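Same chain, two partners: chain A is paired with chain B first, then with chain C.
Then we have the complex of A and B:
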């Protein structure tokens, strides 16, 4: 392996994982819904996969499959009643769901409670993460311009109008919610077998917010936006760690602050994310040029 | 039994006080302010700083913290909500920007006060147990219930009987009609945030005092309860939030007695999900449940 890859292997792995998680949030965002359940889905996937490989010595592909399927199954009864309602109800129900999943694992003695599972066999290689990311991106890219893709866009822009056009909006929203759960679960299995451990603390509310930040900062109207956001926000804290230390800021608060400040800036000034930056700048320049030409 | 009922009312008073803040902003703006729990935590820290480092008695510090929390609320509105007003996706972008604001507040609290649980110095408040109808109540518990009830009654009176209250209700009904009637809508919304955050801040201080524990993530568990309360009460209904707050406090205490403390937080989610399944408009909510 080339030296560069070796030196940055873990960073590359986390960019890939965070990209997957960002895409799992994108699935619901792209039909105008805000879900904060994906940290919970990720936890279910991670625990399922880890228990399978660690206790049942199951082959890794089986663990990956189960870790993606189980969260998807859980997502159906959670999403069905809530997605009929206004978007804010999904946000609320998913905040509650995430907290309940975390607390269940804390109270479950079979999975070691708050300590979680340790010494999970290392099965994840860098290439697996990137293959999974590429596959998910490919699938979401294919959605664009398809019948389903147009339906999702219509729901996002104006759900009432979409429904009037005969688009079964609830079904579409539930399908995307379930897909997002499966992707989050898959990322959970991959991460568990990369870091050797899972614990409830790793899947709390802040994890759910992190994923959302990646997706929104990158841009939630196009499939590569969330991945760009994940890459940007995974590298940035590493790059700024030195500067933070010089200013006397601890890495934890610094990362948190950056996430919040960048998210706020993006939502206020770049609603389509950093991938729309070139387009926005070009439009700005054009406007200025035309104003100058008109005198 | 009687003892548990008092404990439930005590817990419920804090939940109600916290959730009224959500209901007020949601009623006026139709936006859920997810930074409310961060104001809750930051206020508790400010009160702690006054008491532990400034040696100010809590009774003096509380009003100051209320105003400070209200000002944080006005700042929140200015930075995270006002710029989004009129945007077509303001529902979802408002949720996201309030999360961003919450993250920033939490980062600031972490940087200043650190991640550990902190406590009020001994003797900050009297903790004399009183016997009442066969149950033991501390003077502190009674004070906390009293302060919560006074604050909520104050808010209700303000909304019902003052000029500002009428304006807030008018904006909640229809911002457009209110503007036509000559109401300065932006000012009214800023005031709503002030009131909401001041009450949330008061809840934070009372919570910190009640359990004598203040930490940057103390808002997390209360957030879930507050959300369950506004869902049960009906989104945007202040009376609903008050009733539901006390109801949740009581249900929680009795569940803990019957089933054990590990079920404490499952109660909120159970209530929340059940209401969403059966009656999404809650106890006193209006019917606008589907996205218009």
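Then we have the complex of A and C:
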């Protein structure tokens, strides 16, 4: 393996994992739904996969499959009622779901409660993460321009109007909720077999918000935006490690502070995320040029 | 009858926006729906297209009861519409808006697209061409790739008409399609409406431009306070004393 890959292997792995998680949130964001359930789905996937490989000695592909399918199955009965809720109510209901999942694992003695599972066999290789990410991105790229892709954009823009065009919006929203759950579960299995451990604390509210922030910072109107946001916010703390040390700041608080500041700046100045930066700059230059021309 | 609305009531709190309204639309006719402000015209369209449930009454479309059905099923039975307060998808181009309107006549292609099947590409090209033809029909071929939020008011209304026609509906509900248009644009829309009807599709036209309604409609229904006060041919309706009273506001 080349030296660069070796040195940055874990960083590259986390860029890929966070990219997958950001895309799992994008699945619901792209049809206008703000769901914070994906940390819970990730937990279900991670525990399912870890229990299968650790206790049942199941082959890893089977663990990956089960870890994606089980959250998807849970997402169907959950999505049908909660996706009738709008905006902030959907967010609250899905936060509630995430907490129920987390507390269930805290109180389940079979999975060691709050301590979680340790010494999970290492099965995840860097290439698996990136193949999974590439596959999900490919699928979402092909969705764009399809009949379903147009329907999702229409639902995001104006759901009631979309319904009068013959688009069964609930079906589409539930389908994307289920897809997001499967992607989050898959990322959960991959992460569990990379870091050797799962514990309920890793799948709390802040994890759900992290995924959302990746997607929003990167741009939630196009499929590569969330991946760009995840890469940016995963690399940033590493890049700033030296700067933090020079300023005498602990890396943890500095990271949180910067994430908050970046999120605020993006929401205020780049509502379509950092991937819209080139377009925004071009528009700005055009406006300046035309103003200069007018004197 | 293609569409038959009987004894329709819809109340909001204590206000009866529709109070026993009725409407009969034949295949291939332009049916004007007029009345003073607040007469219940838009509410009637909202109930027929499924956005509101009626509190009483029946709506039958092509022999099937549709009152209480969700909007997407009503659309699938062949009723589409435009909106008085324009409801396009602002982040999409004019062409993309019309492509969304074609949802019901496009085959599902997500899986075929994953494998780059030629049939999916052919379907997409066909949908795009059909949408372009519709935009050309309403006179917007040169603005197909503009974001609708950047279009003028009149252009946006014409995109809405194209979007409503994209699924080849049996009945189109047009809610004030010429509001904010100049005389030439109004004439162009009138021509489109006549052409749609001549191809066998029916149109319900809610319109404040009385001259336009009278010239373009085969029959007219007049609402006031949620009730039908007159219906029939334009000539008959125009001379109806109750209609004149409603419009002039006298106690005749």
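One rule holds for everything that comes next: the second predicted complex is superposed on the first by the 294 of 295 C-alpha atoms of A that agree within 3 Å, B and C clash if a C-alpha of one lies under 4 Å from a C-alpha of the other, contacts with A are read in each partner's own complex, and residues count from 1 in each chain.
Rule of thumb we're sticking to: a contact is a pair of C-beta atoms (placed from the backbone, for glycine too) under 8 Å apart; a residue touches a chain by one contact, two chains touch by 3 or more.
Keep in mind the model is a prediction, meaning the values are calculated, not measured.
Is A:271 touching the first partner chain B, the second partner chain C, both, or neither of them?
first
Output check: A:107 vs chain B and chain C. Expected answer is one of first, second, both, neither. What do you get?
first
By the touch definition at the top of the document, which applies to A:142: first (chain B), second (chain C), both, or neither?
second
Have a look at where A:59 lands relative to chain B and chain C in the superposition and call it first, second, both or neither.
It touches nothing on chain B or chain C.
Mind working out whether A:205 is in touch with chain B, chain C, both or neither, as first, second, both or neither?
Only chain B; A:205 stays clear of chain C.
Look at A:160 in the shared chain and tell me whether it touches chain B only, chain C only, both, or neither; answer first, second, both or neither.
After superposition on chain A, A:160 lies in contact with both partners, chain B and chain C.
What is the shared patch of chain A, the residues that chain B and chain C both contact?
Shared contact residues on chain A (touching chain B in one complex, chain C in the other): 160.
Quick check: in the complex, which residue numbers of chain B touch chain A?
Touch residues, chain B against chain A: 32, 34, 79-80, 83-84, 87, 89, 91-93, 95-97, 99-104, 106-108, 110-111, 115, 220-221, 223-224, 227-228, 231, 235, 262, 265-266, 268-269, 272-273, 276-277, 280, 288-292.
Note which residues of chain C are touching chain A in the complex, please.
By the definition above, chain C touches chain A via 49-51, 70-72, 74-76, 80-81, 83, 87-92, 96, 99-101, 103-104, 106-110, 113-114, 120, 124, 163, 167.
Flag every residue of chain A that touches chain B in the complex, lowest number first.
Residues of chain A touching chain B: 32-34, 81-82, 84-89, 91-93, 95-97, 99-100, 103, 107, 159-160, 204-205, 209, 212-213, 216, 249-250, 252-254, 256-257, 259-261, 263-264, 267-268, 271.
Mind pulling up the chain A residues that touch chain C in the complex?
Going by the criterion above, the answer is residues 138-139, 142-143, 145-151, 153-154, 156-158, 160-169, 221.
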